[in-house]
Structures are given as C-alpha cells and as structure tokens.
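Here the chain labels run A, B, C and D in written order, and each chain numbers its own residues starting at 1.
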Amino acid sequence: MKGKALTPDCIQQRGFALLSQEGFPLKKIRVFVAGASGKMGQEVIRTLVKEDDLILVGASDTRQQGMDVGFVVGLPRMGLDISGPFDVESLRTFQADVLVDFTNPQSVLKNAKTAILAGVVPVIGTTGLDEAELEEIRTLAVKESVGAFIAPNFSIGALLMMRFAREAAKYFPHVDILELHHDQKLDAPSGTAIKTAELISEVRPPMVQGHPNEYEKIPGARGADLGGIHIHSVRLPGLIAHQEVLFGGLGQALTIRHDAYTRETYMPGIMLAIRKAADLTELVVGLENFLD
Amino acid sequence: MKGKALTPDCIQQRGFALLSQEGFPLKKIRVFVAGASGKMGQEVIRTLVKEDDLILVGASDTRQQGMDVGFVVGLPRMGLDISGPFDVESLRTFQADVLVDFTNPQSVLKNAKTAILAGVVPVIGTTGLDEAELEEIRTLAVKESVGAFIAPNFSIGALLMMRFAREAAKYFPHVDILELHHDQKLDAPSGTAIKTAELISEVRPPMVQGHPNEYEKIPGARGADLGGIHIHSVRLPGLIAHQEVLFGGLGQALTIRHDAYTRETYMPGIMLAIRKAADLTELVVGLENFLD
Amino acid sequence: MKGKALTPDCIQQRGFALLSQEGFPLKKIRVFVAGASGKMGQEVIRTLVKEDDLILVGASDTRQQGMDVGFVVGLPRMGLDISGPFDVESLRTFQADVLVDFTNPQSVLKNAKTAILAGVVPVIGTTGLDEAELEEIRTLAVKESVGAFIAPNFSIGALLMMRFAREAAKYFPHVDILELHHDQKLDAPSGTAIKTAELISEVRPPMVQGHPNEYEKIPGARGADLGGIHIHSVRLPGLIAHQEVLFGGLGQALTIRHDAYTRETYMPGIMLAIRKAADLTELVVGLENFLD
Amino acid sequence: MKGKALTPDCIQQRGFALLSQEGFPLKKIRVFVAGASGKMGQEVIRTLVKEDDLILVGASDTRQQGMDVGFVVGLPRMGLDISGPFDVESLRTFQADVLVDFTNPQSVLKNAKTAILAGVVPVIGTTGLDEAELEEIRTLAVKESVGAFIAPNFSIGALLMMRFAREAAKYFPHVDILELHHDQKLDAPSGTAIKTAELISEVRPPMVQGHPNEYEKIPGARGADLGGIHIHSVRLPGLIAHQEVLFGGLGQALTIRHDAYTRETYMPGIMLAIRKAADLTELVVGLENFLD
C-alpha cells in the first residue's frame, strides 16, 4: 500500500488552522476516502478539505495510484498520494476515524469489514448492498464495538422534503407527488417519490383521492397510484432531479419542493454523516437519524 | 316580453359618463345578456357596467323575471328589469348591438338564430352546440350579413398560454403538460391540456420522449401520451384550474403556467369578444381570432 | 335575546347522525357563533354543520336578527334564528361548550368575558385585542377555570409552512421569502412573511446573505431585509394570498409554498380550534399549540 | 500559426457522416472556434462535433497551443491541434465559413475584423464591445460584404421568455418580475430582468401598480421599480440563473419562467447563430432576429 502518513509540516502546508501547540490538528476528525478518483469521491475530497474540523488523511482508488490527491481532484498539490487497495493493517497506518466509501458494489462489503476490523467507522455511500450483507456489517460492528453508517440518500434537502411531507399529510391527507428528472432516467416513478408516498402512508390510511366517478380520457392521465397517492413522472432533457409534493385542502394548497442541481447536493449530508458517524458504536441506516 | 327600454334619464342615473349632448350614450356598444340570473350571466353584468364603452340595455332569464337587474346581481338598483323569453320582434326593441348568451344547451341555438334575425350579433359562451348547429348559425349569419361569435374558452390567459406553448415547441420539442384541478372534476386530462397538446403537435412531429428503454414501475407514472406529449392530471381539493406547460432543452427549462382562480378569469375575454364581435359580419369561432 | 333552544326533533331534522337513544346528540361539541351574519361567521356555520361531532346551538349578530340561520348562510331552513346581543344569563340558555367570535374589535373583549363568565370557552378570530386586553382575558379564564383561545392565523397550511421553514433553516441558513398578494393589500411585507422571518431568526443567527460586494442597480431590488433575510412582496390583481420560502444550499434548493385561495382556508383550523378549545381551562394563544 | 488542415481521411476518422463521394463533407458549415480552451469554447466544440451539418476546421487559443482539441475538451483524439493567434492570411488556410469567438474583451474586436477581412463570418459571444466598436464592425462588414453576428444573450429559452412577456403585457399590463441567481452574482436586478422590463415597457405605458396607498413596513419590500414594474432579486447559494415573469389579471395569473441550469443552455442558440450567420452579408445584433 502506498500513500504517505501526514506530518505536521504537511498538514500546515495544506492550510488547516486549528493546530495544537505541537502542530497536530486539534480534535479534527480524520477521514480516509475510498474511491477517491470517482466523481463522488473527488467531490467529497474537494468539500471536506474546506471544513475546519475534518482532515483528509488518506485516499485510495484503483485508478491514479501514486498521483497527488490535489492533482486528481483539481486542487493545489496536497502532499498526499492516491493509495491502492488496503487491508486492516495498512488502513491502520492512516489513523483514520472515518472511512468514506464511494467505490463500487464489488468492493464495498470488503471495505466496510476491513474498516470495522481496523477500528475505523465506515460511512457508505456506495449502493448495491443487500439485506444479508447489511446484516453481516451490523453483526461485525456490534462484535467490534465500532460504528458503521449507510444511507440510500445523502441529500438533506430531499430528506427534509420527505419529513415535511409526512408531517403535512396528518393535516392534509389529499396529496399528489410530482417528480421531474432528466430524460435519461429509466425508471418511473423515482425511488424518492415512492419513498415519499410510503412515508405519507404511515400517517394516513389508504384512501381514494379524486372524484369517485372520475375517468381517464387517455390512460395514465392520473398517474401512478400508490395507496391512493397519485405520482406523476416528468422526463425532459435539461432537467436534473426535482420533486414537488402537493397537498390540497379546503381553499388552499401546500407545496414542498426540492431541486437537486448538482452532485454538490449530497455534500452537506455526507459531511454531517462523517461528523455524526465518528461517535457511533453500531450500524445506523439512514441520514434521517442524524437530523434533529 | 317584459323589461323597459332605457331612457336617457335612466342611463344617467346608472352613472354612465360618456353621453352625447342629448343625453344618449356616445358610440357605446349596446349589450343584451341572456341567462342574466345564472352565475356567468351575473358576472358578465357586474363586469360590463364598469366599462365606459359598453352599456347594458337588456337582460333576460327564465328565473327572477321582473326583478331589477341590480338586485339580481348584487349591485344598486339599475332601473332595468329581468325580462323573459324573447323573439325577433321583442329583442329588436332593445336596440342591442350584441347579445351575450350564457343560457343552456336547450336555448342557445334558438337564441342565436333569433339574435341574428333581429340584427344583433350573438356572443355565445354556452356550450353544447354540435357541428351541424354551428353550421346552421354560420349559414344564417352569412345570409343575414350579421356577425356571430362563439368560443370554447374565454380565458385570455389560457389562450396566451396555449399560443406561447405552440411557439416554444418550435425550439423546444420536448414538452410535458401538467394540469391541476379541484377534485370534483370528472375527466382527465382537461380539455385545455388536450387542446394544448394538439396545438403543439401542429408544429412538431410526433416523437418518442424520454429514454427509449424507460419503464414504469407503477403503471401510469409517465402520464397520458398524446402524440408523444405526456400529460399529467393532478386532482386535489382546494385547487381551482391550473396548467403548466414544461419545456426542457439542453441545460434549461422553460415553463408557461396559467392559474384561474375565479369566474372573473373569463370576463376580460368576454368584454374583448363583445367589442370585436360588434363589427363582425360572419361567424367567428375562437377568441384567439381577436388576439393580435 | 331571541333564538329558540334546540329540541331533539329539530336536531334530527337538521340531519345530525350521532344521537343517543333519547334523541340527544352524543358528546357533540355545542357551538355558538357570534358574528353569524358576517362573511367569516357564515363560512364557519356552513362548515361546522357538516361536521359529525359539532353542533350549532346558537348564532348571534346585530344584523338579520330573527331570520333563520339557514337562510342567512345560504343553506336549507335550520329552525334556529339569528339572535341579538347576549349577556351571561341569556348565553347560558344555549348550553354551548364553545363560542366562536368573528364580530368586531368593539365587541370582542366584552363577548369573550361574557362567554367565560357563562362557562363557555371563547374561540376568538376577531382581531384588534391589545396586550392589556389579552391579559384581562387570561386572568379571568384562570379565575373562572374556563378555557379561552385566540389565534392571529387560523390557516393550518400557513402554520405548517412556517413550522417547516423554521426547521429547514437549521440546515439551510440561506433563505429568501417571497409573498404574493392581490393589489389591494396596503402593507408590505405581509404579517405572515414577517412572522416567518422571525421564526427562522430563532434558529439561525443574523447573517449577511448574498455576496458581500453585491449592489443594487435599482434600489429595492434585493427586497426588505429582516435580520439578513430578504423578503420580496409581489402585488398583482387576481392573486389572493401566497407565500414561498426559498432555501438555497450547495447544489440544491428547498421551497415551501402556501396558497390561500378562499376564505375556506381558515375553516379546518377553526374546526380544530373548536375541538381542542373545548377542553381548555386557561387562555391559549396560537393555533400552533394544537398541531402535533 | 500552428494547426493542421483537415484531410478527408482525418475527417472520416472523426466520424462525420455526410461525405461526398470524394470523402469531403457535403455542404457542411465549416467552423473555427477562437477561445477554444475556455469554458464556453470547449462547450461549443463538444456541441458542434455532434451536429451533422457543422464541422470543426480550426480551434485557437493562447493556452494549450499544439495540444489535440479532443484532449482539451475531454473527447477522443481529433487529429486537430489548438492553434495560436491568427491573422487574415493564416485564418484563410482553414477555409472556415464561420468564426465563433469566445475569447476576451481585449481580443474580440481584432478577431472580428480579421475574420471579416478573411471572408469569414464572426459569431461573437464575447462581451465588452462598445457602440463605437460595434459601428466599426458594422462598417467593415458592409465594405467587405461579409456578415457578422453578435448577441448579448444566446439562450433561446430566455429570449422566448422575454418575447412571450412582451406579448402577454398587451393583455395583462400588471406584471412583477422575479429573478433568482446564485449568491456570487454582484449586481441586482440582473441584466435579463431589466431587459425584460424594458421590452414590456414598449407595449404598455408607465403605470403605478399596486394600491395607491400601499406602504413598505420594511424598505425594499416592493422591490426595484422600473417604469412601474417591480423587480425582485433573490440571491441564494445553489441556485444558477432563473427568472419568472408574473402577470396578474381579473381572477387569474399567467407566469413565464426560465431556468438555466448549465452552460449548455447557450449551445442551441449558438448553433442556430452559426447556421443563420453563415448566410449573412451584414452585421446583425441579437439572436431574436433568427427566431421565427
């Protein structure tokens, strides 16, 4: 395994402010990024180096090994190289608190287990783990008394939209969901729209919306029906990822909308997860657990 | 037939400003409203008495005959009573230029023909005329050299939305239509949404939108398909009548939205129709003919 | 004081379903409406007669005394007349649980005190009470161990919007408020917009939003500044009462919007207040206290 | 000047489809891009190589000279290098029909004149030319009988929004403009918002909107006033470039909205300009001249 350990000098060069008298960072959370050369990995690195209380101590990928991380992510030289595949022993040398994983479905389980065995809390953004694999991580985490975190959605804005929608449905049981995505998306409705409808269904019973005698002059006009909630999927070039939850009541409407414009959308959620996960001692699933 | 002819005195009492030296209105368009006691008829009367260049000279209905029009529509006394059914001769006594018809499908054809024969231009808002009946009116109008006007939609805002949508589609062929109505509406999609899609189809060829391999996890998610245009119908209590036409292109979206909140929505279009129809000498169908 | 007491027969005629074997309503909340002939009073009556657990037992106004309530509010005959001014003794004869007050600033304090002294919980929608008058009600309520309720805003939708905005601001401190009203509104920004900004300010410190070097080419472009939150007031004919709270964060936006279309907007909140207030034993201010 | 001339072989390698029997492109418009290494230049190149009727024949920049254009813009090797500064003679060797200029205010005038003298139509996206410089280009174009084109805004969507807004104002004179941008934008209102208000002012007289007695409880609430049109500028992180033109009329609202999400927004307009400009023989200013 390649990749140099950080010296106080090097840390100072990289512009981190809160150092102890000896030049070591004071209570910063030490982060290792697996999948550093990917789009998400790069964005995570660009974001976390701007945070005062986080410090990047290692970055691995199967691509661009040995290259300076700064060069890889489009920032000035960092004095830290992309390292290759890691095992428990080599990971330990980084003294990381948290390992952020945006690798691929083939690597994520092994990485998570390696991290836990090395005493590092994995924060997993990679998708593809099935229930049995989640259970394996859960069990290992308990056995080692090391935390672990995984979330299907790191967008705080989308999570708040879903939370508010669930709350609003207690008072406004009539609701339609509109989700709008770029026209390269294959499935409709979106996972977020389905999840939103499921959350709403927790607080209101299934009901028929619309007039009992309503009819479709053209099939599909009234959208997909999930427990009586109608979901409408717009697909257009140019769009990114948007959702509107529309509630109607006597003489009024209440609308909650989320627009995701870029990959940066997920960064505040990932930073929050890093900070909260550092203190975990078991597996937690879902970013909503970290919102007040 | 009841209903007094307007005297100059009476006109003056009703507060019309532009009078000739003899006390007669100067070049005002003289309007007779059929169906005056109905919701639309009342609204038409309330609106037109505020217009300087229009004057109400008669108002008929099967209901509330002999009552003062002001009382019926919730305004101060007008000195003009609701009259009953009219024929060519009795209609002539009002010397109306235009007859606005918001009666019912059973009366509208007879009223229109009576008006034309009396030399009065019918402006028809009542629905229910079929093609043969329209043709009958068209022929009679030509024969008598009297104009006639009918429109399925008197909302100028909705017409502009449709016009703009048609123009935009030349540059943005990818389009979804979202229409939102109160939940007592029976049919979906709305007539306006279908009309909008048809207008767009005049300027862009049928095309498949979305990814060729897209699929619906829940049927109906992608809405109704009309020539490749997806139409989504939201039905919620509280809503009135709203439509959004969404265009997507490279890195951008263009949206045209119309919200109809009350019956007043239709008044500017009806006033425009009255003013333009007064000069017609044949049947014209559709308010778009009167927009620049 | 006029107004007949309700007999079981009469109640049955009025179509209430949940009767005891003796023909008396079972645990219905008995409601007296003061200001019954006003727009809000009428709407309250039309709404509550459709609720299974509420029953209208009296309705007073200075106007239309002695007329049947049904006639006044545009419903079938109710067998209950509009009564006039009431005192403690006459109010008691109605055996009301709750008195809903939509009268006027001159009557509201006296009505509230009369209600409390008669053992009836006042639910006050009339505006115009100052702090001293509120205190007077509070003290009397404690002394008599009778509840009282007053709210500046009975729109559940608007309250949820404000609540969600306050929650969202914890995660998205950058926020602009846009409020849109009909062009007869005199003050800008609206009270609801100011209240929303104040609630947000409880959870985020005052901060400068926008670029520190930003400048207005035309004064006012950036709106009103309340603790760093920019508020924009649109005034247009046709609009009713709308507000959007816009949050921006890394690569995303979160929007919460409320549209009030008609006076009915306030009815669910008033019904909720009636139900919750019936059990109060002190003054409560603000409908948010009744939302979970 | 560096940069190889395209051979038929090379063209074929680059995957262009419409070739004559001799292997030369058939009636393709030959495009030279100045400022090829900049963000806009790169995007222009990535876009035009996907168009069947356009062909990239040269690309210059002060940066990355001698590097393959494909490498510079993130595409496969093109067999065409970035060339340096050009003069009339060297530019002629590319046999370009159109020169697209996204350089900088210091180079744009010289580039435009060089192009015209070489018989190449400049399509200018670079800002910073003043009236005198425009006049210089206009005069030279006439003298040489060569076209030239410049536009302050290449977004077809934004242009349509402005056009529709101008049309709608004929029927809906009451209008507010809302523009929303990222919080790094310095000036408010945006140039597009001001331009929109100016266009609207061409068709409606200056008027006071809102109630004559309206007042601001907090200064700026009603926005910037331009000829009676109120403009509101929202600045939030995460946003890109958005504008809403809101029209209100009796009982209704009409809204036209444009969202620009990425730099790609401008590409359809630039491609349109290239195609239309190729046939010009004088200076044309503004993309609206190329919209039907």
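Going forward, contacts are C-beta pairs under 8 Å (C-beta built on N, C-alpha and C of every residue); 3 or more make two chains touch, one makes a residue touch a chain.
Note that the coordinates shown come from a computational prediction; the quantities given were computed from them, not determined experimentally.
Student: Which chains are in contact with both chain A and chain C?
Tutor: B, D
Student: Fit chain A to chain B on CA atoms, both being copies of the same sequence, and give the resulting rotation angle in degrees, nearest 5.
Tutor: That pair's rotation angle lands at 180 degrees.
Student: So chain C and chain D: same face meeting same face, with over half the numbers shared, or different?
Tutor: Over half shared, hence same.
Student: With chain centres set to the mean of the C-alpha atoms, which chain is at the far end from chain D?
Tutor: Farthest chain from chain D, going by C-alpha centroids: C.
Student: Go ahead and note the Å separation of the Cα centroids belonging to chain C and chain D.
Tutor: Result: the chain centres lie 52 Å from each other.
Student: Quick check: how many Å separate the C-alpha centres of chain A and chain D?
Tutor: Spacing between the chain centres: roughly 37 Å.
Student: Any chance you could list the residues of chain C touching two or more other chains?
Tutor: In chain C, 238-239, 247, 249-253, 261, 264 touch at least two other chains.
Student: Edges wherever two chains touch, nodes for the chains themselves; is that graph a line, a ring, a star, complete, or other here?
Tutor: complete
Student: Spell out the residues on chain A that touch chain B in their complex, using ranges where they run on.
Tutor: Going through chain A, the ones touching chain B are 174-176, 178, 180, 183-189, 194, 209-211, 213-226, 230-239, 246-253.
Student: Contact residues on chain A for chain D in the complex?
Tutor: 238-240, 261, 264
Student: Under the touch definition given earlier, write down the residues of chain C that touch chain A in their complex.
Tutor: It comes out as residues 47, 155-157, 160-161, 163-164, 167-168, 170-172, 247, 249-268, 291-292.
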